[in-house]
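Paired with chain B in one complex and with chain C in the other, chain A is shared by the two complexes that follow.
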Partner chain A sequence: MFTGTLIYALINSVILCLIAIGFNLTFGISGIANFAYGAFYILSAYSTWILMHSFNLPYFVSVMGSIILTMVLGALMYQLVLKRVRGQAISEVIATFGIGMAILELFRYLGFVGFEYNLPPFIDSSYMILGTYVDMQRILIVIIGIILVLLLWVFTHNTSLGLAFRGIAQDERTALTFGIDSDKIATLAVSLGAGFAAIAATIIIPLGSIFPSEGYDVLIKALAVCIIGGLGSTGGVIAASFLIGFAERFTDTYIGSHWTMIVSLAAIFIVLVVKPSGLFGKQKELEERI
Partner chain B sequence: MEKRKERIDRGIKARSQDIFALCSYREMLYLSAPRLIPIIGFLILPLVLGVYWQKVLLSVAVFVLLAISWDILAESGMVSLGQALFFGVGAYATGIMNHYFGFHPFISIPLASIIGGVICTLLLLPVLRLRGVYFSMVTLIIPLMLVRVIEATKIFGGTEGLSGMSPIPSHWLELYLIIGVMLVCLFGFRRMLDSDFGLVLKGIRDNDRSVTNAGINIYWHKTQALFISSSIGAFAGAFMTHVYMFVGMPVFALDYSILPIAAVVVGGPGTLAGATLGACILVPLSEVLRGFGGLRIVFYGLFLVIFTVALPEGIFHYVQRKYNQFERWVEVDK
Partner chain C sequence: MRTRTLFTACMIQVIVLCFLFVPGLWAADPIVIGVPTSTGFLEGKECLKSVQMAVEEINKKGGVKVGNENRIFAVESIDIRDAAPGVPVPEALLGLEKIILEKKPTALVVGPFRSEALMAGMDIIAKYKVPLIGTIAMSPASEGKIKENPEKYKYIFRSCLNAKYLVKYLAGTMGFIKAQYGFNKVYIVNQDVAWARATADIVTKVYFAKAGWEVVGHESFPTGTSDFSSALMKVKATGAQVILPIFDMPQSGTLVKQWNSMKIPSLLAGFISPLAGPGAWNTFDKKIGGAINVNFEMGSAISSDKMPLAKAFVESYEKRWGSKLEAGHGPAPSYESVYLLAEAIQRANSLDADAIVAELEKTNREGVMGRVQFDEGHQVVFDMDPDKSAVAAVFQWTEEGKRIIVFPTAVAEGKIELPKGLTAIKQ
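Up next, the complex of A and B:
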């Protein structure tokens, strides 16, 4: 049972990391807390479903279509709404939260609720690892998660666009003097964040089915991970998702499944009391902590 | 005895944007009408409305209180996405006191407001040292997680909730109690925001570092604002518990977090009057839209987006400006 819990804890951590990394990317670069993140996650899942079942497109095409659609919507949200309230944290939060809520409640109103709304797994088979049955989808989640994090690292450290991202994140005014267009980068950041939400949805949703209320859960999980890890720090997100992922799975096995959410709440409180800027939020400490 | 110099006109100009020299009843009416209309309106409305719309008026008053509590927090630079936390904690506090200890509503409601305020302040105390979106994130998370805690531990009735609360003795008392408290909160806290204390709060919102530089303890001020705001929210929750005679997990619902924010955004932030106006528009509107079911929340979401982008000052500030710009034709003096 212990090794089984360990394996599922690892998978859970990677899921949390996948969920949080897009939110963290957007916040880390543009400083926009995208509260419509959970809605983008659900939106992309539903659009994949609609493309597959109403337009009879093949699976791969509909996944690509929905990822691109989500990214375009993210960019549109920045250009039409966020650009006008840029720099006013209150308005940004309220506007994105309003958009997210409108999307999620619209899906609920249109009646997209039920177990028939789910996505197919990539490969339907399962393996025995160290005496535990693990299905192929969960193994793929771990592999894709690791690949995505590595790709993101390579992208931000070795391409000029990625370096521009980090430049804006470190000091927006200095980056402007180097000819980096902060509006363009912020649009890309919101859009990429939405794209990460869509990828996460594509590979995580097959484990269950699509529910509008899942959108709020995803947002909360992303927030919890980012707060504990320190907003805007990728290393922090990875560490925090492992912390919460293992803690959740072990409470689930040894205490009870009702307590899993409480563990993240307790973790948030302890981290905020002990180290308010998060586990790895070091270089931002001075700015965020008064 | 600490003293400071005050230039008399500065305060008046900063606070009322004008110096008024009244020389006729007409001018007095011009000034007092915007204050008197809501007071008289709220006092007369229960007498002319039917039973159904009286209930709507009751929930208008409750949401006005929640919106005022949100606005006070936002004025001090703390944007909460979880007024349901204050509402729910107040509701559960009075529920427990009434259900387990049999306290009379008139004792348990005030006690619950204060205890709820203390609990919420303590819960949010760790976040006060951070600024920016942290506060919003944590306030969004806490009410949703508290629901899970109640579900998991099955305390206080678990998913069933506690029912059989004692009601407030009279129907009219209930209505006028909440309207009275609402009016007192509206005008009282407007005065508070215009006082030196309120100016410090606004200063914290605008630039916390320079307030710190002035030698003012911003955490203490933030804690006070948080306590005031959460007590108002807890009162609203406690009151609603005795109206419904039930307390359960729905008190942490998203409705109680979103409607107050929408009310302030629509009405206009910063004046509390805007919050009141917004709630007076949105709550009856949501009753009219009840036929649409879940689509109501979609409308709220869109309201939030449209008003933050297109009319960030809100309806109240717009109307106020227009009211101050009224013109009339007069005879030219020969």
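Up next, the complex of A and C:
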């Protein structure tokens, strides 16, 4: 049972990482806490479902279509709404949360509620790993999760656009002096974050089903991981995902599943008390010292 | 000029006579049936459609006779949203009061989803004296309230399964499995919400503790949980032969998929609401073969060849609405409630609420769910024989995607198939 718990803890950690990485990317670069993130996750899942069932498009085409659509909507949200309130943290939160709520409640209002709304797994089989059966979708989640993190690292360290992202993240004013358009980069950051939400939905939703309320859960999980890891820190997100992911599964197995939520909340509380900027966060480190 | 005046007067007389004596032109107002429920949810949608279908059938036959005239039914609905997370009970009650005041229904059917909304709504119903036949909320507490003050709360009835009978069916299924295969180790997994915890505790207390079962584990999962691997590994480690799930959250289908993909050698038998309808087979990627589920009422998304009325209802629904019934709770009693009401009105020969209630109490009708009779708490009696009471249906998903009713034996269509790796103790 210990080995099985380790395997499922690893899978759970990668799921959390996938859920949080897009939110973290947007915040790290543009400074915008995109509270519509969970809504984008659900929006992309419903779009895939609609493209598959109403337009009879193949699964892969539907997935690609929904990822592109979500990214475009992310960019539009920045250009039409966030650009005007950029820099005003409370206004950004209110605006994005409002947009997210509107998207989720619109799906509920339109009747997209029911068990029939789900996405198929990529490969429908299961394999025994070290004495524990694991379905292929979960194995794929781990593989895709690792690939995405590596791609993100390569992108931000080896491409001019990625370096511009990092430039804005490190010091927006200095980056401006180098001719980097901060609005353009912020638009791309929100769009890319939404795209990560869409990719996460595409590979995670087949494990369950699509429900508007799932959008709120995803947002809470993303926030939890980012708060523990430190907002804006990719390394922090990975570390926090593993911390929470392992804590959840081991609590499930050795303490009791009804304590799982408590463990996550306790982790957030302890980190906030001990290091308010998160494990790897640098956002307020100076203020903390003062 | 005189001829024209005479002609006009004659025409007016003809028109007046037509209105007085030609049936249909001077028809009485329809009898309004109100449906205040969560119409945005699957159960709510299908309950409303079932009510509309029953009304159409009755109207096609000329409606119900009240006094000297035939009266047809009309349906008015309102979405009270009580099933949606975060909607406070007072908001749901506003919807209930609104439909009573604005649409002036003779009676209400379906009603709230949440028991606390029903409990609070009972006072509104008593205040306006409008009979309600509820078909979703399940807490037996409403029956207790009726028994305590029958004069005040006599207007409230329930035609669906209540929590007490759900326990009876879960215990009955476990007893049946024990008798057939000799299993005696069970692992309980339930949603961490009041009704599911209470159901699990009561089954443990009134059945498992007394019937020689060993409860080797009991886990409560918060609503929204989508990974059940830890519990399933514990099921395997403890050697439980049966898993008893009690869930109504959408993610609970994941439990069945994981049970299947992790090849857990235990029989999964209990209540998982997403498994009820025929669409579950595709929804859960054809990975639910072997799972046993309690559908709360015969006719709600399932029927047996042994009960022609249930079969006819399920088939008519599909024909009328172009889609199959998917909700395992609500549609059959909702459809049945309209007939109960029509018969009570006809017997009372009146639309007076007290007269209708008096006749509803005398109900003894063979319908979709079996024989329908109300007990003193105004709850339809559920048992195991459709000739004597209403019945639920316990079925097993086959590996070919069919649903075979396995319990109660009076309506069973086949035997329980054990999953791979699990063998019977008793042959």
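Methods note: the second predicted complex is superposed on the first by the 283 of 290 C-alpha atoms of A that agree within 3 Å, B and C clash if a C-alpha of one lies under 4 Å from a C-alpha of the other, contacts with A are read in each partner's own complex, and residues count from 1 in each chain.
In this section, contacts are C-beta pairs under 8 Å (C-beta built on N, C-alpha and C of every residue); 3 or more make two chains touch, one makes a residue touch a chain.
Every value quoted in this text rests on a predicted model; they were computed, and no experiment measured them.
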{"item": "Chain B versus chain C as contact partner of A:109, first or second or both or neither", "value": "both"}
{"item": "Partner chain in contact with A:97 - chain B first, chain C second, else both or neither", "value": "first"}
{"item": "Partner chain(s) touched by A:118 [first = chain B, second = chain C, both, neither]", "value": "second"}
{"item": "Which superposed partner A:135 touches (first chain B, second chain C, both, neither)", "value": "second"}
{"item": "Partner chain(s) touched by A:164 [first = chain B, second = chain C, both, neither]", "value": "neither"}
{"item": "Touched partner set for A:258, first chain B, second chain C, both or neither", "value": "both"}
{"item": "Chain B versus chain C as contact partner of A:207, first or second or both or neither", "value": "second"}
{"item": "Contacts of A:8 with chain B and chain C, given as first, second, both or neither", "value": "second"}
{"item": "Chain B versus chain C as contact partner of A:249, first or second or both or neither", "value": "second"}
{"item": "Residues on chain A lying within both footprints (that of chain B and that of chain C)", "value": "108-109, 256, 258, 261"}
{"item": "For the chain B and chain A complex, residues of the former touching the latter", "value": "74, 79, 81, 126-127, 129-134, 136-138, 140-142, 144-145, 148-149, 151-153, 208-209, 212, 218, 254, 258, 261, 265, 292-295, 297-298, 300-305, 308-309, 312"}
{"item": "Residue ranges of chain A touching chain B (in the complex, touch as defined)", "value": "33, 35, 81, 84-85, 89-91, 93-95, 97-103, 105-106, 108-109, 216, 219-220, 223-224, 226-227, 231, 256, 258-259, 261-262, 264-265, 268-269, 272-273, 276-277, 288-290"}
{"item": "Complex contact set, residues of chain C against chain A", "value": "40-42, 45, 84-85, 192, 219-222, 224-227, 229-231, 233-234, 237, 250-251, 253-254, 257-258, 261-263, 274, 277, 279-280, 282-285, 287, 326"}
{"item": "Complex interface listing, chain A residues touching chain C", "value": "1, 4-5, 8, 11-12, 108-109, 111, 113-116, 118, 120-121, 124, 126, 132-135, 206-209, 211, 213-214, 217, 249, 252-253, 256-258, 260-261"}
